[in-house]
Amino acid sequence: MNTIGNIFRFTDFGESHGAAVGGVIDGCPSGISIDMAAVRHDLDRRAGRTCLFSVSERAKAEPDEVEFLSGITDGVTLGTPIAFIIRNRDARPEDYEALRDTFRRGHADMTYQLKYGIRDYRGGGRASARETAARVVAGAIAKQILLEKGISIVAKLVQIGADVLAEDITVETEYIQSLQQLQEQGDSIGGIVSCTIHGLPVGIGEPVFDKLQARLAYAAMSINACKGFEYGSGFGGVDKTGSQLNPFSGGALGGISDGTDFCFRCVFKPTPSIAKEVKGRHDVCIALRTPVIVEAMAAITLTDLYFEYMARK
Amino acid sequence: MNTIGNIFRFTDFGESHGAAVGGVIDGCPSGISIDMAAVRHDLDRRAGRTCLFSVSERAKAEPDEVEFLSGITDGVTLGTPIAFIIRNRDARPEDYEALRDTFRRGHADMTYQLKYGIRDYRGGGRASARETAARVVAGAIAKQILLEKGISIVAKLVQIGADVLAEDITVETEYIQSLQQLQEQGDSIGGIVSCTIHGLPVGIGEPVFDKLQARLAYAAMSINACKGFEYGSGFGGVDKTGSQLNPFSGGALGGISDGTDFCFRCVFKPTPSIAKEVKGRHDVCIALRTPVIVEAMAAITLTDLYFEYMARK
Amino acid sequence: MNTIGNIFRFTDFGESHGAAVGGVIDGCPSGISIDMAAVRHDLDRRAGRTCLFSVSERAKAEPDEVEFLSGITDGVTLGTPIAFIIRNRDARPEDYEALRDTFRRGHADMTYQLKYGIRDYRGGGRASARETAARVVAGAIAKQILLEKGISIVAKLVQIGADVLAEDITVETEYIQSLQQLQEQGDSIGGIVSCTIHGLPVGIGEPVFDKLQARLAYAAMSINACKGFEYGSGFGGVDKTGSQLNPFSGGALGGISDGTDFCFRCVFKPTPSIAKEVKGRHDVCIALRTPVIVEAMAAITLTDLYFEYMARK
Amino acid sequence: MNTIGNIFRFTDFGESHGAAVGGVIDGCPSGISIDMAAVRHDLDRRAGRTCLFSVSERAKAEPDEVEFLSGITDGVTLGTPIAFIIRNRDARPEDYEALRDTFRRGHADMTYQLKYGIRDYRGGGRASARETAARVVAGAIAKQILLEKGISIVAKLVQIGADVLAEDITVETEYIQSLQQLQEQGDSIGGIVSCTIHGLPVGIGEPVFDKLQARLAYAAMSINACKGFEYGSGFGGVDKTGSQLNPFSGGALGGISDGTDFCFRCVFKPTPSIAKEVKGRHDVCIALRTPVIVEAMAAITLTDLYFEYMARK
C-alpha cells in the first residue's frame, strides 16, 4: 500500500492538490546528523531545478520546502519516527477545471475513479508525480545512512528516445535542441536511467523472495511511468551463451550481493499528459527528473536490506 | 525472506539435497476443490516432462510427488494453512563431490558461503532451481482460486537466444536442432518468457508502492536467473513519443488494473552451470522450464492483490 | 514499531515537545463522510475535558486542534492515506529544565537514553502520553467505519484504586473527593477500564496467532501504563471449574468472534510522575483519561480484522 | 494469521487429525548447533510426560517424534528456513464420531464452522491443543538462540484453582489429590502460569506499538484457553499509589527492557471438554501443560525483538 520496507519503513501520503505531501520514516537509527542541504539538493533535482534543459520555469523560481515534524532534534535523529511535510503551493486550478468530467489518456484518472468511486479531479491526486517529492526526502536520508556504511548510489539518465547519451554532459547540447523541438510540437519522449550501487558488502539480499534484484525491481517499478527494470546482462543478454556471460554477475548471485558494483536500468515512458491533448504544465521527458527518484527508491530498499543483514550478523 | 504475500501468503522451504522441498499456503479460502491433476501437470511442466525438447531423461521417468499435510480434507480446502512437501529423490552426490571446495562460476555458491558461513556443497542448496517446485505447487492452487474469479494466466517462451519463436509451436523443429547443437557443445542460451493475465477486474493493485506492475516485478525477479522485467511498452518503447504510446496502457494505469489484458515479459540468462565447466546434469536453456514458474509467481501475487482489493470493497 | 495493522494500518509519530504529533491512516475505504465533531469529542475525552473531575485546567481552556493533510476532500475519504497533525502548543519547558540530567522514576527516560543514546529531556518525548492523541484521532475514524457495519465499542472506567464504580456516574461524588485528597497529597492511583464490543459478526479473528483476543491484547498493552489485559472469565475465573464456565465464552471461541458481546478489561498503573517527586503537571489517576484510548486501539484493531475477514469472504 | 514475527518468523500448520502438524522457522541464524534432546524434552513437557500428575497414559507410552526437513545439516543450522513435521498418530476417531453433527460447548467447533463453512469434525482441527506441539519445537530452537545471548526463559505453574502452589514442588502431593478428585468427577479447573525472562539486555522492545509487554501479551494470548496477561504490578496493583509502585518497573519502562528480570503471568481457563459432557481424552487442568508453551511463545517473540534490536545497533 503506502508503506515500503520491513525494518526501515517509509510511509508516504498526500495528493497533488491537497494541503501537503509528506511521509514518515520509521526505523532510522538515532544519532545521525542530517545534512539538510543534501535533502534540499535532491528536491531541487526532482523539481528539475538542476537540469540544463529547463523543465519548469515555476520550479526554478520556488523550491519545495520541507518541514520536519518529529524524530529530529537539533539536526540529529532521535531513533523515533521522522515525519515531514511539503506544503502544496497554490496550483493553477483553472488549468484543471476542464478535467472535472474527462479522463486524461494514459493517466490514472479512470482507474482511480473506478477503484475508489471518487477522485480529486484537480490533478493527478495520489497518482501525480508530486507524490515522488516525499520519496526523495526519505531517499536523501537513506542515502546519508548508507554513506556512513560506505555505500553510495548514483543514478543518471543514459538514453533519451533512441539517443544514447555521452558520458560527458557538456556535449549534450544537441539533445537539448531535440527536446526543445519536441516541446514546441507539444509532444514527449521516453528515457532510460542507469543506477550504480557501489560499496555494498557481500551478503545483502534475503533469499528466496527478498533477493536484492527482486526488492530493487519492486521499488523501481513503483515509480510512475517506469515500464521496465533490468540488471546485469538484462534483456540485451538474451542472445549470449552461458560461456560468454558466466564471468559477469551484475552484482548479485542467488539474490545476494557479491561485492562488485550492482547496476540496474529502468525505462520510463513519455509523459502521458502532452500539450497536444491536455492544457497545463507538462514535462517533455519525465525521465530527466527521475534519476533522483530512482536513487531514493534504491536507497530506501538497501537501507532496509542492510538492517535485515545486520540483524542476525 | 522466504514468505511472499500479505493476505494470501506463501512460505517456501527446502534445500535441493535435503530431505524435501515444500511450502505453506496461508490465507487460502475454504471450500475450494483442489484439482490435483492440474497441480501434477504444472510440476511436470517445470520438470520439463511436457517439453518437445527433452531437458532431462531422468525427469521423464520419475515425476515429482507432492504430499499435502494439512489444510485439505477430501480434496477440499479448510481455510487453514495448506502445507505440502516434495521429497527429494536420491541425487547423484558423486557428481557434486568435486564441488566441496570449489565455487561454480555464475552460481550462488560463493555468496551463500560468505553470507551464512556454511553451505550445502552437494548442490545449489537453497539457491537451486529445485526450490521452484514448491512455488509451482502454490501457484497451481492460486491459479485455481483465480480461475473461479474469471482470471487466467498464461506464460510462454517467446524467444530463445536471438530467435523469436513462432506462435505455432509445431514449426519449432529448427530451434530444437539449434538447442541440440548447443547441448553437444556443452553450452547454454538465454530466453524471454511472455505472460498474459486475462480477466482482471478494474481496480487490482494498491497505490503507491504496491502497484500491480511493482508487485509482479518483485515476484518475477525473485525467480532464479531472471535478469529483467518489463510490461506495456517496456524497454522497446523508449524511442516512442507520448502521442504514439498514449492509446496503449499495458493493462494498468497508476498501478491499478484497467480492465484490459496485462502483459509482461521476463528475460532469463543462460544456465550458469555448463557441461564445459561443471560435471553434472545441466539445462541447455533454463527458460524452457520457466513459463510455469512465471505463471506461479504471477498467480500468487494476484491472489494476494485480489483479496486486498476485496477487503475494502 | 510505529505502525499497527495489516490491511488497515495506522502509523503514529511525534514527540511531546517537538513540532507536532500525528499519524497516517492507510487502508481507509473511500466515500466515508468523516464526522469531525466526533473526532474532536474523542480528543476532548482524552484531554480530560469531559471529565467531572478536572484533570487539567489548561486542557479545559484549549482543545487540541487536528489538521488533516491528505486523504479527505470535502469531508469525504478518498481511499488514499489520511495524514493528520496536532501541533504541540508551547509547553512549559522551565518545568522540565531540571530533568536535563536526571531520570524520573517509573518513566522511560532511562530506557530511551540507553536504547537510543539520545533523548528529548524536555518531556516524555515519544514515551509521553501526548502520543496517544494521534491514536485517538485514528480510533475515532476507525469507530466511524465500524459503526457503518453495525459494530460499536464502548469503554469506561470501572474501578479506581480498590473502589469499584457504580454504573450511575452521578453518584460518583465520593470518588472525586478521594481523588482530590490524593492530588493534595501529591500522589496518584491506578484504575481498571472495561471495554465492550457490540455487534461483531461471527467470524472475526484469524487463527492461530491473530486470534481476536491476541490482537486486542497487543493493542491494549501498547498503551502507556497498561499493566494487564483479560477477557471473559479472566484472572478472576481461575478458581472456577469447567462445568461452571462452559456456558460463558467471553465473546470468542478459538480466537474467532462468536456473535456475543466481546468484553475485555485493562488495568492501568498510577501515574509514575507524582508531584511528591517531580515538578510539573501530573494526573492523579491516568486511568480517568484512558477509556477513549482503549476504544481507539480496539477500533483500529477490529477494523483491520474486519477487512481481513471480508477479504476472502 | 499463521505466521508470527517480523525478522524471526514462525509459520505453523496442521490439524489435529490430519497427516501432521508442523512449522517453518525463518530467520534463524546459521551455524547454530541444535540440541535435539532439548527439543524432545520440551515436547515431553507439553505432552505431560514430565508431570507428576499423569495427564495422559497414552502420551507416557509414545513420545511425539519430530522430523526436520530443511535448514539443518549435520545438526547445524544453514540460515535457511527450518521446516519440521510431527506426524499425527492414529487417533481414536470413534471417540469423535458422535461429534459429527454436534458442537461441543466452550470449543471452537461452532465458530470454525461458521467462519469457514467447513470443519474437521473428528477433533479440534486447527483449534486443537495439538497445534501447540509445533510452537514448542520452534520455541525450543528460539530458546537455544537466546541462551547463546545469555537470555533464559522459565515458566511454571503457580496456581491451580484457588490454590497458590509452593515453590518446592515435592510438597505438592495435596494438589495432585484434588486434581484426581476433579478427574473422577469428570470436571476441570483453571490455573496461572508465571514466566520470568532473565538476562535481557537494556533496549529490547520497539516503541510505540511493539512494546515488549505488548508483543509478549499478543504471543501469550494466542495460546488456547489463555484468558489474561499481566506483568509488573498487574491487576493486583490497581489499589496501590504511585509512591508505592514507582520503585518497581516489572522489567520494562516505555515498552523497553530496563535490565531487570521481566515477569509476566497468564491465566488459563479450565479445559472446556469435560468428561461429564463429552466422551474422549480430557485434561483435568490444561494449565499443567502450558508452561512450556508460554516459554515457547515468549522465546519466539524475544528472538524476533532481539534481532530487531541488533539490526540498527
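Note that the chains take the letters A, B, C and D in the order they are written out, and that residue 1 is the start of every chain.
Rule of thumb we're sticking to: contacts are C-beta pairs under 8 Å (C-beta built on N, C-alpha and C of every residue); 3 or more make two chains touch, one makes a residue touch a chain.
Bear in mind the structure is a predicted one, so any value in this text is a computation, not a measurement.
The greater number of contacting C-beta pairs, out of the two interfaces A-B and A-C, is seen for A-B. Farthest chain from chain C, judged by C-alpha centroids: B. In this assembly, the C-alpha centroid of chain A lies 28 Å from the C-alpha centroid of chain B. We define each chain's centre as the mean of its Cα atoms; on that basis chain B and chain C are separated by 46 Å. Each chain gets one centre point, the mean of its Cα atoms, and the points for chain A and chain C are 37 Å apart. In chain A, the residues that reach two or more other chains under the touch definition are 1-3, 12, 27, 79-80, 115, 126, 207. Listed in rising order, the residues of chain D touching chain A in the complex are 6-7, 27, 29, 79-80, 207, 307-308, 310-313. Residue ranges of chain A in contact with chain C, taken from their complex: 1-3, 9, 11-15, 18-22, 24, 26-27, 30-31, 67-71, 73, 76, 78-83, 85, 115-120, 125-126. Across the complex, chain D is touched by residues 1-4, 12, 105-108, 110-112, 114-115, 126-127, 131, 159, 161-162, 182, 187-192, 202-203, 206-211, 213-222, 224, 226-235, 237-243, 245-247, 249-250, 252-258, 267, 269-274, 276-277 of chain C.
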